[in-house]
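Two complexes follow with subunit A in common, the first pairing it with subunit B and the second with subunit C.
Let's turn to the complex of A and B:
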């Protein structure tokens, strides 16, 4: 994969020295938009695997009604509302960036890829705001008191 | 040769499972959090510790229709509308098992990609790979057990 690093800035630079400083396997990468998107994809991906493990483990409570009810009651406490929103952000980002990767892999690189990037970014923002509104609303009601949040779409 | 073929297949499957997951997650999120017959009212449910969430009329009616006029709309009963349904349970359990397999493959293949990037030692890679897929297999078994036996009692 072609990634510009500070040690290997651009194709125009001389080829000597490109491998000179390979003593450390941790290269310092230039963080551009695409690189940032890739790093976030990994971070959210690992986070979602951790969540998946906890989620499947928690659902063993389905074998007993009392345990399951207690578990769900716990999920409705404020701290889990924050977690619920963070989960939506991670899932929406990972899904939309993943969709972009799949489109580029299967349809090929296109000169319109920047347009695709920002379009999917806008779609992600809409998913987070619309899908996350119930969580934001309930947290607002809890922090600011009942009736203090506008009941948009709810 | 065999290894590279399986890597290409897994790479391809990662794209396919990812695409599938988008549609399955939309269904999952809708049913769990937004549909009124299935979900607790999301915007009313910041509850103090241990308090049971409230459900809308649709959910209460659904539970009473299936489990009798005295049945209460607890989280368990609301989920059992689907998982203990005489007609749709098989469909929902099938969906959940497929969802489980697809999510585990996607998640743990991705996790292995990340680990392979940071673990250089072949032995370390082998250990990390075996360990992570063992965890995935364990989760598959307990996940399938939870889904299949739900509503049997």
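Let's turn to the complex of A and C:
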């Protein structure tokens, strides 16, 4: 075992400031399942906070029916369909990975963390496909022309 | 096979910044990564500096970043890094442990790491007087901390943790694993004292279950699992009201 005792303390630089500092929250490091899951969790988390701010701001239009209708009309444009789908992806991933973390921290499922990631990842994919079908459908209709998309569960 | 060994070098007397140097090293698939460094030191450049003692994964001296991941140089084989039938010129990179101050080449300043270790009071704390004979523990009681006692304090885990990179004061997995090891030791009475330290903004709650520590550990300790157990203990104990 590496030692650090009174007689033999852990080595330090002989001169003050003679070390090369590598302090940075961003390091080049191999990304494995756990770190990938965490990075996506952060990204979707920050994304959802940004969405929430825009969402609350949109709700301020509720005071006046005219402005509210105008705002809602904008939401029917294709760009918002993309946004709607991205929102679902973020929510579904964040919720499912959150569940993974709960299982790890509360039930001690740490040894199964990779299996958990892929299992819940599959569940997330199903949620996204089923829940996001209306968005995919209307985007497909818009890109490929009306009537070109199969009408599944709609 | 002939490998290209790239080492991040830094000499405080000459260099402003660390820089990469490349060496050609003959190697066998079953050589350890450490033997590549020894070859460079003995045959190419004697000024290359790195820590190494037992070379058998016991002393924990030679933890470093190898091919982008923290590993113990003596405990990883060339074939595990480049494959059994790697072609000549396959590259293996060596860097000091990420985010720690570098003294020279692959040698990091460990003082911060050991300060955190001392912070969690890694010794037996007891209430009563010492017994006549040894303090007994059943195999079942020991099983709870067995995995955590395998730690060799190499620092691979703590320096692999993004929470450590972002906050140098974060206690880190190695120190908190020690906290677990003593808190869950049935002979120890210092749980509350230790929970005061780990149940803090720089402690347990910056563990986001990223699992880099588990991946880096040369002893395959399930560190995240024990930190989760310590989190549960902290959340249910009286001490959690102090945070």
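Everything that follows uses one rule, which is that the second predicted complex is superposed on the first by the 126 of 154 C-alpha atoms of A that agree within 3 Å, B and C clash if a C-alpha of one lies under 4 Å from a C-alpha of the other, contacts with A are read in each partner's own complex, and residues count from 1 in each chain.
Basically, contacts are C-beta pairs under 8 Å (C-beta built on N, C-alpha and C of every residue); 3 or more make two chains touch, one makes a residue touch a chain.
Because the structure is predicted, anything quoted here is derived from the model rather than measured.
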Partner chain(s) touched by A:70 [first = subunit B, second = subunit C, both, neither]: first
Partner chain(s) touched by A:105 [first = subunit B, second = subunit C, both, neither]: both
Contacts of A:119 with subunit B and subunit C, given as first, second, both or neither: neither
First, second, both or neither for A:62, with subunit B first and subunit C second: first
Touched partner set for A:30, first subunit B, second subunit C, both or neither: second
Which superposed partner A:148 touches (first subunit B, second subunit C, both, neither): neither
Which of subunit B and subunit C A:53 touches, first, second, both or neither: first
Chain touching more of subunit A, residue-wise (subunit B, subunit C): B
Contacts on subunit A seen with subunit B and repeated with subunit C across the two complexes: 25, 101, 105-106
Complex contacts: residues of subunit A adjacent to subunit C: 1-2, 4, 9-13, 15, 18-30, 32-35, 38, 41, 101, 104-106, 108, 110-111, 113
Residues of subunit C defined as touching subunit A within the complex: 10, 12, 15, 17-18, 58-61, 65, 67-69, 96, 98-103, 107, 109-111, 113-114, 117, 152-155, 160, 162, 165-166, 168, 208-212, 214-215, 222, 224-225, 228-229, 231-232
Complex contacts: residues of subunit B adjacent to subunit A: 15, 18-19, 21-22, 25, 29, 33-34, 40, 42-53, 74-77, 79, 83, 100, 103-104, 107-108, 110-111, 114, 120, 135, 139, 142-143, 145-147, 149-150, 153
Residues of subunit A touching subunit B in the complex: 25, 42, 45-46, 48-49, 52-53, 56-57, 59-60, 62-63, 65, 68-74, 76-78, 81, 91, 95, 98-99, 101-102, 105-106, 131, 133-135, 137-139, 141-142, 151, 154
